[in-house]
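Going by the order they are written in, the chains are A, B, C, D and E; count residues from 1 in each one.
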């Protein structure tokens, strides 16, 4: 958080990938219209692990890419002291297939690709659990791993893959689970999914997958950050989220 | 490939060769006219960069030329199809200065190399390799690798390899220049023997005048890409015409060393009161007489030999003597006249 | 470094050198005892692999030895500290067979190289370089790069470089073996002139007997790592003792070629009814008489010279003649007796 | 032993079968890719060598086309190349995933580098040998097999060793598109899940593997060099 | 022109400033990393060359330590190495992200490879030159600077060119720490957001860049080679 030439306060926000670019444009516009004198500077990463490291190291002011589950896991592993200062949206994580029309068609030995980063692995396992393809020891536990599969009634094989690659590789798998931003970018729709977790925003097991804006705990009451969160939680930004993700992603805030 | 039975081994007419490089072009050979008859041992000499290697490389088509014609056994090298050219190359053996033996193959393997793909079966090849190694006296080294051989031994392997296909022509590019005198001598003897027994035509590039003297019957002298002199070895050594040839021939004889003695006023060439210091040289092929004895007796003079260099080249004595003649001045002058009449080149150095 | 004024340039005692490789160890030099006096031009000859290069490389410490001692100007090479060794090396110039000129530097840059870090400033160095290039007659090539020079010119640059630090000793490893006769001659003349004017001690490795003959005063013959013969050049050429030396010396003279003529029954050596074919050789330094004239007159015989090889080595005639003597048998025998009494080596080849 | 192992490498010991599978996958990728790209690179390297200026059969067109293609592929970051190749891989081998699907992108990724290496190995073959062969009347294919490839063997082995080490680096990247292998193992557990021992175990095994490759390489060079 | 560009590269044209920034970042990474690792690799390459068996000042201990370390680092897949280096990077340059944070891992990643390349370049310096220098009484540092490095220049330039091309590959991977650069651009848009034109634009620019590097390299070699 630095003062820029025009006496603006510059806030550096760490994001992963460029999917949210338009949303943050809307936030900036909102702030400008309020004459908040805040300039949001996006810093793009390929990978969330480095993003959190950079936040902890004060190289970033805020991050906005992860959901609760990933945040908790990172805090647990690395001992970060972060605080959520606002929810952003929930991006569905659905099961897609080029081969089958419904979940019932999976046969033993079929391969399903799920994202390889730890928290999305857990979330995808929960999706499979919810779809009834596997049974987890505790469906509500945070970030389960493949080791937490209790039963595998459908007999599918689960393979971990880079989330961005899964869509390209879908023809080679019986099914694949990946984030909605990739689905949108690939020109597909969430309705192409053969399984979608119902009412994810209120589902206990999936509540932890709401995306959040995160600051270091020491800065949780920072007025500038509060203004940003307020600007995010606006009608304009909600519209931008809808436009950006073609209505496939739900804003996780009231406006 | 047609071979006229009486065509020369190599016939070169008005050959011109230009190297084109990025920095410009360089005429390496020009106006080359040369006929090498079957059975010749043809020496090629010249300063470094004169074009000697280029010339032999044109003969087996390793290098292309720009103008003129080059016939080998009556076949125009530049008109042959690739396959025919390969066939012709099998009949031209080449010995490289750096031997170019394949380090990954044994001595036998190297000699066998030109025999692969010639239709000979394994056994026939082995037999031929054994014969060749016998010929160059290396049968006991058949299973050794090149880097286990001495320079002279490597040279012999290279010769055996060049002979593997029973070629008609053998090209040798500075093959003996890095060898000790014993090895050089034995290799020259081997070449001579191959020539005599197999009727090989041999082309020898060398900067060693002794090599030319020992085995060649003809020689060409190259200077800056042109032939400045060519002919029978005896004639060239006896009467070199081009300045370059003259300076080459001068280095082979110790008769010129007398100039150093003159400069030092050495007592060895003290001519006394009446004496004359004389250089006498054979200049024609006919002379073989006891000349010193004749003048000593006939004119009653003493001929003290200071330098002597008389050799037999091509069956005739070649070279000369530097002598101090002592006696009556008139007698000495008469003796000189006598020698001049016997077709001996005379040069009075001091009196 | 202490230098006793009268210590020899190089004094080697009981030197032994072993190369240790993975395949085992190989004794390259053994029992080497050699003294090179200041001002000597010392030739070293021997077959390939005899240990010649190893020996000179020991002299400037490029190679370490295992036993014995090696003093250069009175300093034991193996006891010097690195810095002293570098200082000593500056006083030993070395000419490599492959020249080893740095391709990235001009001729002047190459000659300047040994002068860097010697305390001379840029100007002084430039002056010295100019002098040296003048000396080797290459002043006009100062700004050329080595690959733009002929073999002989490269050789001269290497000599200039070796002389840059005004060394006391010059080591030359097969420096002329790949050059044409003219270039060889001019380089030998240059070395001789440097020796005479600067009092240089020169060690010359060569397989060219003519080089030894032309410039050396002493010579050592190496065979399989030991010195089989050493001494003054005249003595070695006149009376070689070791078989290897004998075979080397034989190649320098054409007197042995008579054997070929004998084998061919050449008419040149036809001895007629009474004649005798004779090889006569100088074997001591004192002889300088008109021997052929004497016997011709005194015994009334004809001496026809078939081969002649008389040279002046170290101020005395060396070599001999192959002659056919014709006349009365008694006279011929008397003449032979006469020659034997004049300390001439006589060998009757045919009669 | 197992005691120590499970103290030092707790996460690896509990995933030993997976670790072992990853190792086998790495070996398969190295082996199959190495073999195929060796053949391809040798072929291309030979063509470049003989068609270059001053080569045995100079051919500027062929040379420049191959030369430029090699450069083009060397310019593409491997991860992008791997992603771009997915449809081609699928068309060729039926699947773009798993070890089987990883091999084609690996081949395309490593062959340009390998080709350059082979080219430099062949350029070390003394031109004198080639001349000698030409003067013996050998044909171009004979010269390629009997001289270039044969005399180039030690250098070819040397550059193959270097290439195999680079290939290990690529197998780690291809892991993220489902190729498996040790690099992928290290990334999934060591990097994504902070199990440092997984990273260390991987590095140790890879160092040993590379040491072994280099050892075998040197041994072969020594055997073939006289 | 712009019309055509926006038809063919719609996503790049709308992100032209970012594309340009990425290009500059790539240049910075190449420049700074290239420069520093050139010095480090030259230093290590020289040490390896002179301490090896038969070298100028043989020293098996120094040689083996450096040799083994170089091998160790060459064995670690770069992506893992980059992750492991984060704390060190931060301690050294204050940040582990962005172009600044990318440079240290890049140096560590490329130097071992570069060292091997320099080593092979120096091994091409004729041992005869070294002997000549020794026999002139030159000291070891003089020989290093006046002979090895000077006579090795053409070969050093050649291997530096090769290394720069490999370095471009690494800069793409180092994008995961937010290093930026063209590779990162291609991964974020081309790979993660399926904007193929971003990939193609990147490849085109990289091919041109590599072509330029090779051209400059060849030019320098020609200037320095006599």
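Here, a residue touches a chain if its C-beta (ideal position, glycine included) is under 8 Å from a C-beta of that chain, and two chains touch if they have at least 3 such contacts.
Computed from a prediction, not measured in an experiment: that's the story for all the values here.
Colleague: What shortest step count links chain A and chain D in the network of chain contacts?
Modeller: 1
Colleague: If every step must land on a chain the current one touches, say how few steps get you from chain C to chain D.
Modeller: So the least number of steps between the two chains is 2.
Colleague: State which chains count as neighbours of chain C and simultaneously of chain E.
Modeller: none
Colleague: Provide the C-alpha centroid distance between chain A and chain B, rounded to the nearest whole angstrom.
Modeller: Centre separation, chain A to chain B: 88 Å.
Colleague: If you average the CA atoms of chain B and of chain D, how many Å lie between those two points?
Modeller: 54
Colleague: Give, as an integer number of Å, the spacing between the C-alpha centres of chain E and chain A.
Modeller: 36
Colleague: Spell out, as numbers or ranges, the residues of chain B touching 2 or more other chains.
Modeller: Correct list: empty.
Colleague: Mind pulling the residue numbers of chain A that touch at least two other chains?
Modeller: Those would be 49, 165.
Colleague: Which positions in chain E are in touch with at least two other chains?
Modeller: 83, 187, 191
Colleague: So which chains actually touch one another? I want all the pairs, not just one.
Modeller: The list of touching pairs comes to A-D, A-E, B-C, B-D, C-E, D-E.
Colleague: What residues of chain A sit close enough to touch chain E in their complex?
Modeller: 14, 17-19, 43-47, 49-51, 53-54, 57, 59, 164-165, 167, 182, 185-187
Colleague: Could you please specify the touching residues of chain D with respect to chain E in the complex?
Modeller: Residue positions touching the partner: 71-72, 74-80, 83-84, 116, 162, 165, 168-169, 171-173, 183, 186-187, 190-191, 199, 202-203, 206-207, 209-211, 214.
Colleague: Along chain E, where are the residues that touch chain C in the complex?
Modeller: 126, 128-129, 131-139, 142, 146-147, 150-151, 153, 224-226
Colleague: Show which residues of chain C lie in contact with chain E when the two form their complex.
Modeller: Against chain E, chain C makes touches at 60, 62, 82, 85-90, 92, 94, 96, 98, 100, 102-105, 113-114, 116-117, 145-148, 161, 165.
Colleague: Looking at the complex, which residues from chain E come into contact with chain A?
Modeller: Counting only chain E, the residues touching chain A are 83, 86, 90, 95-98, 175-178, 184, 187-189, 191-195.
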